[in-house]
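Two complexes follow with chain A in common, the first pairing it with chain B and the second with chain C.
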Partner chain A sequence: MSKPKTHTLRVHATTANIAAVRDFVASHAEAHGFNTEDIDRIRLAVDEAYTNVIKHAYDFDESQWVSIEVKTDPRTIHVVISDSGRSFNPDGYQEPNIEERIKMRKRGGVGVFLIHKLMDEVEYRKQGSLNEIVLTKHL
Partner chain B sequence: MSQFLIRSRNSGDLDILEIDGELDAHTATQLEDAFKALIGRNRTRIVVNCAELQYISSAGLGVFMAYIEDVRGTGGDIKLSNLSPKVYNVFDLLGFPALYDILDDETEAVAKFSS
Partner chain C sequence: MSFKATERWNCVVIEFNGNVMGGPDAVALNEKLHELIDGGKKNVVVDLSKVKFMNSSGLGMLIGALTTMRNAGGDLRIANATDKIESLLIITKLITVFQHFKSLDDAVKSFE
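Right, the complex of A and B next:
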């Protein structure tokens, strides 16, 4: 049985890095044998989680760092995105009413909803001063 | 870095925006600026041709969410056409097909404005 593998990317919290972050994860998902549809789902979920860190954990402070760790075992990919900014409280999260948000001319607020739709499991953890979101997809 | 560009042209009293590349939190302001510029000139009959759109995230969807009410309030609309199945799936996850006119091709989207 093959050992779990880990690949890590550490980048500044800037939207200029979104494409690099999602491509980094997608390349490992592809190498691990996920099909195109699942790779697209993982790519989008990672984009949404990384974008939320930039906006909500760090308030667009580009000097801050984000770590993206891809762990694979034979049937699964786990993507761990860590930051040291403001924590997200999943208990306070409500599913968005898109029609209502459009009427109120509000954009966004749908990233977390998408992440949960796209991934098999989503976990929020606190490791010391770090916030972690763990996105899991099974083959 | 995310690549995105917009080509715009007129078709009678309609404005056609061809969007090309990746629409995410890095590039969404470009589409936002294009909508703002059109609305500022009272040009609110807009078709967004997505034939060359490779990727969209919620930041991109958010631009459509933020301006559709303003545009419809003046009797206009933003209609979308030529979405690839991959991009359509993202719109579909959020229930956009019930809230926006999404047409197979640009000609249909243009015709829909006169129907």
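Right, the complex of A and C next:
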């Protein structure tokens, strides 16, 4: 059984850092004993959440910062992604009808849908001026 | 991501390689598809065997490519989706939108 641990990575909000962010979280998930399938799911959910911060919280302003915190306890991994940009309103989110979006030739809207499908729990929090999304997966 | 197009007698095989994440790759792919359409080649097989990672932007690029080919009167079919990519297509229900094949040969033959 692992003891509770926290690891933090702080990076500029740029797509150049996407692979580093994914790999940072995946390496801790692997060290914590998650199987390959779950690691792939966590990796993709983190990619989508980080990309959403770049696009929607910061409008591609690469001078801004994103913090990625990995917290593990014996049966669980929590990934907390924090930004100080525009907040996401989860109350306004509706699960997209993807086939309909294709027919209407609309792009986007799939990232949040994927995050919810890939993780066991997803929580949005506001800590002062910080927005946080907490992605949770159980072993 | 990089991609390589190889012409067969009844279709063009486009092999994706690396991380499929849309962005500038979507522009390059769109240009290639329009070049093919202008040359009268409207049937494409996308070989996904060398794809390491795909996110929602990559899926969007694939959907855009499918729409481009179907609007031109052709089709885009996929082959060799790894378990990881197939799982992504199932989660997003896109598995019903694309004709997908377990092997490149099967996908190419489907255009005969």
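FYI, the second predicted complex is superposed on the first by the 136 of 139 C-alpha atoms of A that agree within 3 Å, B and C clash if a C-alpha of one lies under 4 Å from a C-alpha of the other, contacts with A are read in each partner's own complex, and residues count from 1 in each chain.
Heads up, the rule we're going with is that contacts are C-beta pairs under 8 Å (C-beta built on N, C-alpha and C of every residue); 3 or more make two chains touch, one makes a residue touch a chain.
This is a predicted model, so every value here is computed, not measured.
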After the overlay on chain A, what do you see for chain B versus chain C, clash or fit?
clash
Which partner does A:16 contact after superposing on A: first (chain B), second (chain C), both, neither?
first
So in the superposed three-chain picture, is A:51 touching just chain B, just chain C, both, or none of them (first/second/both/neither)?
both
By the touch definition at the top of the document, which applies to A:40: first (chain B), second (chain C), both, or neither?
both
Which partner does A:28 contact after superposing on A: first (chain B), second (chain C), both, neither?
neither
Just chain B (first), just chain C (second), both, or neither: which does A:137 touch?
neither
Going by the contact rule set out at the top, does A:110 touch chain B (first), chain C (second), both, or neither?
both
Check chain A for residues that touch chain B in one structure and chain C in the other, and list them.
15, 18-19, 40, 43-44, 47-48, 51, 98-99, 102, 105, 107-108, 110-111, 113-114, 117-118
Could you list, by residue number, the parts of chain C that touch chain A in their complex?
19, 21, 23, 53, 55-57, 59-60, 63-64, 67, 84, 87-88, 91-94, 96-97
Enumerate the contact residues on chain B facing chain A in the complex.
1-3, 22, 24-26, 55, 57-59, 61-63, 65-70, 86, 89-90, 93-96, 99
Chain A - residues contacting chain B, complex
15-16, 18-20, 40, 43-44, 47-48, 51, 54-55, 98-99, 101-103, 105-108, 110-111, 113-114, 117-118
Going by the contact rule at the top, pick out the chain A residues touching chain C in the complex.
15, 18-19, 22, 37, 40, 43-44, 47-48, 51, 98-99, 102, 105, 107-108, 110-111, 113-114, 117-118
